[in-house]
Amino acid sequence: MPSLKTTITGIGLQNPLMLASGILDENGYTMKNILECGAAAVVTKSIGREERTGYRPPIVAEVPDGLLNAVGLSNPGIDNFGNEVGIALQAGKPVIGSIFGGTADDFLYVGKKMEEYGANALELNLSCPHVLGVGSEVGSDPELVEEIIGELKNKIEIPVWAKLSPNVTNILEIANAASKADAFVVINTVRGMAIDIYARRPVLSNAYGGLSGRAIKNVGIRYVYQLYKETGKPIIGVGGIEAYEDAIEYLMAGASALEIGTGVYSKGKGIFSEINSGISSFMESEGIASIKELVGAAVQ
Amino acid sequence: MPSLKTTITGIGLQNPLMLASGILDENGYTMKNILECGAAAVVTKSIGREERTGYRPPIVAEVPDGLLNAVGLSNPGIDNFGNEVGIALQAGKPVIGSIFGGTADDFLYVGKKMEEYGANALELNLSCPHVLGVGSEVGSDPELVEEIIGELKNKIEIPVWAKLSPNVTNILEIANAASKADAFVVINTVRGMAIDIYARRPVLSNAYGGLSGRAIKNVGIRYVYQLYKETGKPIIGVGGIEAYEDAIEYLMAGASALEIGTGVYSKGKGIFSEINSGISSFMESEGIASIKELVGAAVQ
Amino acid sequence: MIHSVIERVDRETPTTVTILFPWEKEVRPGQFIMVWIPGVGEIPISLSFTGHTKGITVKSYGPTSTAITKLRAGEKIFFRGPYGNTFRKHDGKALIVGGGSGMAGLLPLITPESHGLVSARTKAELLFADRFSPEKLTTVTDDGSSGIKGFAVEGLKSMDLGEFSMMYVCGPELMLKSVLDYISGDGIDADFSLERHMKCGIGVCDSCSIDGLQLCTQGPVFTKSALLNSREFGRERLSVSGLRVKL
Amino acid sequence: MIHSVIERVDRETPTTVTILFPWEKEVRPGQFIMVWIPGVGEIPISLSFTGHTKGITVKSYGPTSTAITKLRAGEKIFFRGPYGNTFRKHDGKALIVGGGSGMAGLLPLITPESHGLVSARTKAELLFADRFSPEKLTTVTDDGSSGIKGFAVEGLKSMDLGEFSMMYVCGPELMLKSVLDYISGDGIDADFSLERHMKCGIGVCDSCSIDGLQLCTQGPVFTKSALLNSREFGRERLSVSGLRVKL
């Protein structure tokens, strides 16, 4: 039997599959349940400094090849999230704290608390509105990204992962700004929207949303490949992983570990064990002994 | 019977559906055939100053929800393209000349010739490599875009359409730079790639490609909506139109006319007449008399 | 979104209406749809009619449910679904227990043989009480304007549950909890249909979860034995922001 | 991409091999696949074997076809398809006319009753000539090393075509053109399988087009009557860049 074990920024994982941020990871019991269903780790919902109710429903729209969402960063505020992390940690597997903010100071405040709660790493959601800019995102401002990550790397012990957005002209520029991060998480959702032609209106209450799922798999593969090739940093691949072939494609593009979000909706919570057994059979039939052999195997 | 007629930058169209650039539009007889199949107009393959063979096959990869392509701007060079435009024009419908280049001078040279050949409008493919930048594209450099369009608007009589890429941090910045254009064409392909896990290699010979088809429909809708709302310019919507519902979604998002590329592959050349009859039935059952009533109907 | 043109709207109580519309889809009792009022909001509503013509029975609370109750015949209704699981089939004698708008989702289970316990704030709000034969019906009202005065569980206490082997229960979570507590030691089995905030309806947002399970995909119907082991049922839930609050 | 593990490789002529591999897919004579050699290129190749085990017969020209002829049993072959249309069925007496590697796509049509005209540059390159009964076979070679000397059409001129009601023809376009011209006034019907540059194989790139139709999706088989009205057949095609060139 080939081994599915992998390591990312020093964190050992039983298998390469983690739960992505924002899907079933607000309630500690749900995270624990997902870990019991076979995920090697969970990434929490993105948590900020203050409590936020987010947008009014509809916050999701089902489209043929994935999901559109505009949740609006609803979260209870970091001060109220310790209990949930604690419950999730009862499963005995890594819990990664996803955090967001508008300034380096926000990120530091929230990150420190996450660390205190016992999170094994921080994942920085850089796709949130920039406090100063109009409509622009933190993750598209290289200077701010550099400041945030510099600040966290100075003052936080646990690994820091920078989650990058595909909605930029030049992802390498942002990656370079984030070069002090221990790993890149690639990709967040792709800008999108849906209109109901009978209601003559955007479906999401926020009109604009983020596209996830199968529709964006080939987009994610492209950015993982590019960043692996051009930065050599450890990468966590995410975007449209719904079958073991997708997982292997991401690994071969350069990801050392993977996250699944929309796949939990389209395939159910069994997706973690299904994909793991698919990866295992593939490795066996192709004569591959460890995940490491797959990582970056297709990069020219 | 509701009327499907529409007008874009003064060009009358029998119906809102045109053939998109790069799909079955290199050979004049093919363009003529597509016009006979019900398209209201065709946009030619993007033509440059010099002959180019493009990339070696594989230049396309079929993915579950669309196509990836990296054709490499193969074209016979503008000096050799007059004959093809002439053959296409025999169908008695508008022919739009798509052009590309690395400098304003290139665009002007090619655009002038297109105009002489009888093209009814120019469509600027801004997604080609920037001669000066490394790996960056013409369409992500606002100053260059402004220069190109200024030059063409000064020296060319026929309307100029600027085709915008979704692969930018801020599409409005580019749209503003292109504000002298008569219309925007939205969107070009989304960056993507595919790996064959058994060959352990990218499928396209160029590794990176552009994603088109159903996977990008919700991306296109989003940018059409945003540009309609924020610029008020005439818009040609393109990206993943495969059914009449998609066409209506684009119209309601703000497009006055539409282009179909990958849909010709997935549904065949009958797609133009199929979608037109679908639009017509929809308009009838929803009590809509003209395309104009649909344009932007969902924009809040 | 799916849409349909409303066939008929019936007023059931001063605050509650039933909306009937054609929808060619097989649905099972207990399932729900997410009903969208463009520009207002989207909320989960059980299907109260599950035949060829579908129906929902909605009580006016906040903006979205109020807007639904104002829809008229001939207008379009927008929704997605059906979502969720269904009630277990049972051959023995069953008691249907509904509180407030909770009766809506139980309606498809009612047959001429059914026994029911219907509770509401006041007499005029007793929903679908007329669907039971009077001799098989117990009513309970907060204000005593009909039947027993008090909460639903008072009604149960007045009855001999020994003749029933199954209960189907739907209503506010605290009512369900009191029912569960009351029958926890009994041999009677029960299915509880729960209501919690639902933002997505498709198992991604985690707003409806209870003990790691999602009401929208793994519920809304839970068995008595599942709930007996629950840590969150009747005690805690997440608010609309994700804040853990007491029920 | 689809992949399969090669079962067997047979040498057919000094420059041509047949590669056999399992592929559970129904394919029809005339259809082709796009064969990919990772790192080298991708080209259209007809299926010469269309049973449970599929086969292709490939002549070495440039880098990609040469790389294909070097594949070995046990190695993986990558491809996509099947693409294209098929030959019309015909009940009367048919003549199969193949030039060079053009015989590959005609192989599935050969039965013990088939009559054939096989042409090639030289005797050793006559492909699948041994699949016809000697008395039903005419061979033609450019150098006269077997049968009639000259081009394929010289072979036709030596035969009495009156006994045939149908021809199936595949080979270089100029050969097809000379055959078409020769039979244009005759009562004999014919299906021609064309070969042009194909970059995509799926009807998007326009590199294979003839008279507005795509060889890859609306061909590669065209009827005699379709080609008789053609403006481009045997005259002009687009080069790999899209440049209109004489054939």
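Per-chain numbering from 1; labels A, B, C and D assigned in written order.
Methods note: a residue touches a chain if its C-beta (ideal position, glycine included) is under 8 Å from a C-beta of that chain, and two chains touch if they have at least 3 such contacts.
Note that this is a predicted model, so its numbers are computed, not measured.
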Partner chains that chain C and chain D have in common: none
Excluding chain A, groups that stay connected where the other chains sit: B, D | C
Chain located farthest away, centre of chain B as origin (C-alpha): C
Between chain A and chain B, centroid-to-centroid distance (C-alpha), Å: 33
Centre distance in Å when chain B and chain C are each reduced to the mean of their C-alpha atoms: 51
Length of the line joining the C-alpha centres of chain A and chain C, rounded to whole Å: 36
Of all residues in chain B, the ones touching two or more other chains: 196, 198, 201
Shared-contact residues (touching 2 or more other chains) in chain C: none
Arrangement of touching chains [line / ring / star / complete / other]: line
Pairwise chain contacts under the document criterion: A-B, A-C, B-D
Chain B-touching residues of chain A, taken from the complex the two chains share: 63-65, 68, 136, 140, 166-170, 190-198, 200-202, 207-208, 211, 214-219, 221-223, 225-226, 245, 248-249, 252-253, 282, 286, 297-298, 300
Chain B residues within the chain D interface of the complex: 22-27, 29-30, 32-34, 36, 45, 51-54, 56-62, 67, 69, 71, 74-77, 80, 83-84, 196, 198-199, 201, 203, 205, 261-262, 264-265, 268
Parts of chain D lying in touch with chain B, wherever the complex brings them together: 1, 3, 34, 36, 38-39, 41-43, 76, 78, 80, 198-207, 209-214, 217, 231-232, 238-244
